[in-house]
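Read through the structures below before going on.
Common to both upcoming complexes is subunit A, partnered first by subunit B, then by subunit C.
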Partner chain A sequence: MSRWEYFAKRLLLTIPVLFSVLTFLFIMLRAGPIDPVAARLGPQAGAADREAIRERLGLNDPLWEQYVDFITDFLTFNFGQSWVVQAERDILDIAVSAAPATLWLGAWAILLPLFIGIPLGFYAGLNPNTLGDYTASLGGIVWQALPNFWLSVMALALLRRTREGGELLGINWYTLGPDFAARDISITGTPRLEWFSTTDVLMLPVPYISDWTALAIDIKLILPPALILGSASMAAELRIGRTAMLETVNSKFVETAKAKGLSNRVIVWKHIFRNALIPLLPVITSEAFLLIGGSVIVEQIFNINGLGRIFFQSLTQGDLPMAGALLFIFTVIILGLNILQDFLYTVIDPRVGYDQ
Partner chain B sequence: MPDPANGEAVESSKRRRLLGLLGGGAAVSLAGCSDQEPSDGDDGSDGSDGEDGMDGEDGEDGEDGGDEPERTNADKAQAAWERATSNPLPEDEDLRQEAYIEMEEALRDDAGLIPLYHGLTERFWYDYVDVPLSGALGAHWQQYNTTTVEGDTDLNLVNSTFDELDPIMSTDTASSAVITQIYENLTAFPNGVPEIENQLMSEYEVSEDGTTWTFTLRDDVQFHDGTEMTAQDVKYSWRRTVESENSERASFTTNQPVGLGIDVETDDDGNVVSDSLAVEVIDDYTIEIQLSGPNPDVLDVIAYSSFAVIPEGYVGDIDGYDGEVSHQEFSTEVANGTGPFELGEFNVDEDVTVVRNDDYYGEVADVEEVNWEIIEDTQAAWTYALEQNADIFAVPTFAYEQDAIDAETDDRGREVGTYGPEGELNEEVNYLGVSEISTFYFGFNVSNTQRAVRQAIAYVMNKEQIVQDVFAGRGTPAYSFLPPAIWPTGNDGYNTFLDEYPYSLGESDLQGAQSVLQEADITSDDPVDLTLTTYESEVFQTAGELIRDLISGTGINMSLETAQFSTLQSRGEDGDLEMYSLGWIWSWPAVPYGMFQLEPLNTDTSTMPSETNGFYLDWQTQLEEEAE
Partner chain C sequence: MSTRQSDSTGEFDERDDEKLFRDRIRENPRPAMVWLAGLAFLLLLEIGRVFAGIGQAFGIVGFVVEILAGIPVSVGDNVAGTLGGAAGFVATAVTAVLMAFALTVPVSPSLPDSAVDILGLDLSRRGTRWAKRVELTFVLVAAAGLVAYTPVGGAFSALIGAITGGVDALTASLPSITSRDLIPNTGHRLPEGGWEGTFLGLSPAVAWAIRTGLVFAYAVTFIVWLWRGFNVYRTHYRAADWTPRDDTVRRFRNNYWGLFGFAIVFLFVVLALWAPAVSPVEAQHNIYEPNAHEFEYLTENGEVTSTTHVFANLQSRSDGQNTVGLMSYDDYDRWAPLGTTNRGQDMMTHLSYGARTSLTIGITAIGLGALIAVVLSLVSSYYKGVTDIATVMASDTIQAVPALLLIMLVSVVFQEADHPIAQPLDGGLLLALIFAFAYWPGMWRSIRGPSLQVSEQEWVDAAKSYGQTPLQTMRKHMAPYIAGYILIYGSLLIGGVIISTAALTFLGLGINPPTPEWGRLIDGGQSYVSTDSWHVATVPGIAIVLVVIAFNALGDAIRDAIDPEADVDESEAAATGGGA
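Then we have the complex of A and B:
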């Protein structure tokens, strides 16, 4: 089987996966213990009000009808309206308005570990069993062990104390860089993401950065949560990077390269680095679900109005269509990332195929 | 055994004193309070029965009625409720008050519902803010046109998430805090103090039978777009509460006694016939409503946010109107009311801004804008407050220190003073603590539990300790279902009720519990099982554990379980609960809006939720008398 047949097969396999996810969602949402009517109305509502809402939400239709509606609506991205969290608003609208903040957070949460975790891991792998290796490895393990929830709370408590007097290492976080204190900006909150404009180049709108201060504010706002959100994957990348490096360093082709008299620099960058990246690839792509899961907590504590927080609200408030739609969107994203990962594999590693 | 007997003797003499204090109609004392007749010599010797009064063979029945069968507490409550609802005219106020207190006493004596705490709202604000004190109904009733911020033109606040500015959809305090600034009602509770005042109304008249109410409107009110407010707008707004499919509080308009009870026609399917609501426009500034029966609480009910006035034809969600804006726009993007602020911007889940209405008919606001940052997480909210980004804020429990409060009780029972500096809060801020009009309680399905068991629980439950342990003291221990802020006979009456509270007050009375259990032949050798079902609430779960530990060894084997709120509700409606936790929050400070759920006939779970809508008590099973 050729590499591309393998890829096509993977692509087709996602279809049954998607369907089973949808069915599972339907069962969880409709047969689960949450009564959306009670969630929506609260304890004070009368029986007549409840019946009216039940009818309006379509909960009195036969189950198979609800199922068919559900599947067709979801496949066409027609998620309907939210029931509780933002009652009556289109779920797609809500998701679209909350997505930029999550993307902004996610992008930084992927970038930071990439540029901190991998170099540290490679450094540790190149200098095994030195003090530097031990420090980096131990630090990575401890950092990974700290729960995001705790880190977020501590980070907020530390940072807000730098405002008056209680400076951390002589740093006042509020006045560092763009001055938050003078602008009455909180260190929590949703990034506005209003620093770019578009200009027409040859009839095509091209975005450019129009407000560097706003960009700096948004970056400063997102750094602490992004660093925390990325903490787990940063540590994972560090450790896998170290192992991959160690394995590659000790492999025979490196010995050959050395015997050829190649310089250390060429060996590390051209031979070791590229080969060590292969095991890291699934780690990096699978970060996506860590980020989606983790952003629920981080967004909640840092008061960022993103997909994670909305997902959290819809789950706790029994907003079935919203929770279902977001789960579906997450599923589609993860399936997409898996396909992307397979694609990259087929491109990078010629050995990939279905039959060994 | 001698102990409670003595206690009861003392107790019942106090009750007699209360009766003397209350005075009131002679008929009432006769019908309702027979167990307190001074000539009832049995009371002392029959101690254990004292609480429920009528349960023994103490022959006192003969003295007050002769032909009646044994009168249970449920009978008393039912009779009191019927007396209160059949005398709805203003001059019968005293009679109703006594009837409600009788219901409260019957409930206490049967221990069908054991109140645990009343919510306590605490408000903190920096010294540069001058804001009127809010009252027991909650700060979401407060209009900020009389609030000033020194050195700033904006007032900055924190709010929870909400997503609708349509008054008929609003069922939460978060949205109503904003809606109050934009829309107004005929009447209002200014600052949430439970005293009704006119808002858009200048005067009212009520017919002799109490069913026709005529409201005269102010003639100087304009909507934010400059059009004048007239009676047509009121009619349209009130029609929306029943005819619009978006309305979530239609029952408040058409039901009695939980609502106004305006006459309305329904078709065969039970749907409201268009334009059949008995609201009649007499002239531009006069409107008349026809109720299905007299209702003493009309002025209180029309202050509820669903009765807010919007311009006629603004939204086309009822027959006969196309609407200037779509309902979705009306929910979150545009608003047009008569209030002191106009909607600025609403970014759902992020922030809301309202700007000053310079043409307001009343006192024009001092601040130019009010902003609410929407924060759900307490860590984020606390950070936001410490940064002085919020001018009025709440202190989360993890940062809260009760000793930092320096406050005195004012004449409305509110704690007013200062807080801090404490912890991260570097300066002294203003403090207000208000006991809310809400009650959280343990209820019992009385047909599944014995009275002795319920009373024993009431004896061991130390509410002070629970409030202290669970909320760091941020709650008011409750001894009655009716919160003190709306106690029918005022503060003195409430204190009298406290004085004669038969169970433990501020302590855990294990002996009392053992006595009632022994009386009912329940001992550790012959125990009974009791299941407490709580919803997912730390408070009730902790309280349940405390009670279970205290009661163990006395003959009650208590087990705890947790259910989702909606599961608890549906199990309650099925009569499938023994002891459970729930709460009630008053939407307007009227006693019957709460008490209706204690009418024994209305607690029949076999007909819930279609015909009855009371608490899940099944108290009707204790009725001996033929109900009227």
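Then we have the complex of A and C:
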């Protein structure tokens, strides 16, 4: 089977998966143990109200008709309106307005581990069985086992403490960089993302950074949660980077390069570094999974009004259709990323085949 | 090989390794007897707890049977709601028969064939197999019908009640050396100094330390004795001098990182199993029903008065203003080795019972998930084709939804609806089932490759052509080769389950009070981290980190021990916990 056939097969398989996810959601929200009317109105509602809601939600239709309606609505992103969290507002609208904060968080949560985890892992792999290697490896193991929610709680407490003079390594987080204490803003909160404007270059709008202070504030807001959200990936990158480095260092072509008399620098950067990056690619792409799951916790603790927090609110406040819709949006994102990953593999690495 | 059939080789030329395990014990019974006597003695020391465990197992089995028995009727009710009463009755009957039949499939091969022969039918092997199953189904349905619809049912439940009542009575009356009655540590100061009501008049702290030390000494002795049993078996009763398993054990013993993991996991399990002995106050008094239980203490005026736990708890909260820290007494003479929680309950009690909760959920979830994964991987690699594609579809569907969010949604849906499954452990069972549902695809995927490889082996073909049933082929010739892989993934995933449970409880979506859980402690203490009451959120957090590191180390060590060359991708397993 050729690579493209394999890719096409994966693509085709996505369609039934999408339908079974929708069926699952339908069962959970409509046909499951919970009564949608009671969830909407509470148990004390009068009979007339209940009947009106039943009619409005289409619960009096036959089940298969409800199912078809449900699926067509979801596939056309017509999710209806939120019940409680932001009552009567379009769910898609809410999701779109909450997405930038999550994207900002996610981007940093991917970037930070990349620039910390991989160099550390490569360093450990280049100097195996030294003190530095043991420290980095042990750090990675502990870092991976730290629960995000606990880490967030502890980090927030430590950062808050710096305000009252209890300085952390001589740093006052409030005054470091853009001064939060003077501006009287909290060290948690939603990044406003209002630091760029667009200018027209040849009739095309091109964004540029217009307000560097605002950018700095947004980065400072997002750094701690992003570091915590990326902690698990950072540890994974460290470990896999170390193994990849060790394997590459001991491979034949590096020996050849040494025999050719190349300098250490050239060997490391040109021959080792690039080859060791290959096994790291799937780790980086699969991070989206962690980020979406973890964003609920981190956003909730750090008060960031992103998609994760809204999902959490819709669950705790009984806004089940919104929770279902958001879960569907997350699923679509993940399916899209899977396809992208398969596509990249197909293009980049000829070794991936059906048997994997 | 102990399983080899001795009749085919003949009786006269009997070599040592041809003998059955039973025969070898008969020839040299002494080491086995000594070991068994030691085991019996150890069990006798803790006989009270052994019976408590048996009682709990009864309770669990009873609950599972009750839930399963309720399925046909609830299916029938659902159908009756839409299609009418008669259809409902038919649906009930059909479901019951189907469930009974599913039960007979794994059981029937162990029954003698003669049961079918009574009918005098001339059947092929396949026919016999099906006849046996149908027969057994019939018997089961008849028995279930008797229990459900006739007075026999009353007698039956009375019998069950008598047995469980008997076990409970035994539990209450039998002693054990780590019991609270033998080494009490709850008492009060006397006006003239000294303590009243504690073990030998020692201070509660010392009495508690003695009891906890005894628990750990006992547990260590027990595990050492088990290890000795393995050695006795190896030197006296095993036919072969060497098996590959010896190498596995040797590799594990030389892996210090793995031994560290094992030690911490052992501590955690002991903490969970002996929670009633390790906790300084009784959970029933301090956490579950603080209103109903009184105790005595010495007031500042020098009088001994009594108060309820609920009142004393209010006064000994660790909430920033007041703190009952590590290794200290509260104002009511209660010893708190790890301080109190933000609600004034005892932290050590919370921690040990929380370990119990986490362990129960972890084992249930991973056990159930692994069971599903193994069964599906065997079936899909044996039959291939449509079964395989259906399994791929199902697992792709579940994996396409972010696991943590899926778990949150399902948990909320069932808890909002007040479903009976959400009752045990205040949502713990529900959570375990959801974890099993969300995690089996990952495990299935990781053992899919090995099981596909095994299914291509010649011995599987040979087994098929010898006329072994598919079930036997899978069980005897395929399953042993994937057992190791599932063990590795199980222990790597269990850390993820523990973290996720704590995270969900932290968010208020997991286990509801009063069942103790570590995540709730962190939630309660999160505002006080930078105050004097820092321990409330810190201690359970460190506990989680240690346990998760330990399970990861154990999983890595098992992997290295089973197959040092194994190329097991652990990033997926580790990733599941990372989201929380």
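Following the convention adopted for this analysis, the second predicted complex is superposed on the first by the 328 of 356 C-alpha atoms of A that agree within 3 Å, B and C clash if a C-alpha of one lies under 4 Å from a C-alpha of the other, contacts with A are read in each partner's own complex, and residues count from 1 in each chain.
Convention: a residue touches a chain if its C-beta (ideal position, glycine included) is under 8 Å from a C-beta of that chain, and two chains touch if they have at least 3 such contacts.
Note that the coordinates shown come from a computational prediction; the quantities given were computed from them, not determined experimentally.
Trainee: A:Trp269 in the overlay: touching subunit B, subunit C, both, or neither? Say first, second, both or neither.
Mentor: After superposing on A, A:Trp269 lies clear of both subunit B and subunit C.
Trainee: May I ask you to decide whether A:Phe77 touches subunit B, subunit C, both, or neither, giving the answer as first, second, both or neither?
Mentor: The answer is neither, since A:Phe77 touches no partner chain.
Trainee: Is A:Trp212 in contact with subunit B, with subunit C, with both, or with neither (first, second, both, neither)?
Mentor: neither
Trainee: Classify the contacts of A:Leu320 with the two partner chains as first (subunit B alone), second (subunit C alone), both, or neither.
Mentor: second
Trainee: Based on the superposed arrangement, let me know which partner A:Thr188 touches: subunit B (first), subunit C (second), both, or neither?
Mentor: The first partner, subunit B, only.
Trainee: Touch test for A:Val153: subunit B only (first), subunit C only (second), both, or neither?
Mentor: both
Trainee: Going by the contact definition given at the top, which residues of subunit A touch subunit B in one complex and subunit C in the other?
Mentor: 33-35, 39, 153, 157, 160-161, 300, 318
Trainee: In the complex of these two chains, what residues of subunit A are touching subunit B?
Mentor: For subunit A paired with subunit B, touching residues are 33-35, 37-50, 52-53, 56, 82, 85-89, 94, 97-98, 152-153, 156-157, 160-161, 163-165, 181, 184-190, 300-303, 305, 309-310, 313, 318.
Trainee: Report the residues of subunit B in contact with subunit A in the complex, numbered from low to high.
Mentor: So the residues of subunit B in touch with subunit A come to 161, 163-164, 169, 171-172, 245-246, 248-251, 255, 258, 270, 327-328, 331-332, 348-350, 373-377, 379-381, 383-384, 386-387, 389, 424, 426, 564-567, 569-570, 582-585, 587, 608-610, 613.
Trainee: For the complex, which residues does subunit A have touching subunit C?
Mentor: It comes out as residues 13, 16-18, 20-21, 24, 28-29, 32-35, 39, 141-142, 144-150, 153-154, 157-158, 160-161, 166, 231-233, 235-236, 240, 282-283, 286, 289-290, 292-294, 296-297, 300, 311-312, 315-316, 318, 320, 323-324, 327, 330-331, 334-335, 338.
Trainee: Under the touch definition given earlier, write down the residues of subunit C that touch subunit A in their complex.
Mentor: 392-394, 396-397, 400-406, 408-410, 412-414, 416-417, 419, 495, 499, 502-503, 506-509, 519, 522, 526, 529-530, 537-538, 541, 544-545, 548-549, 552-553, 571, 574-575, 577-580
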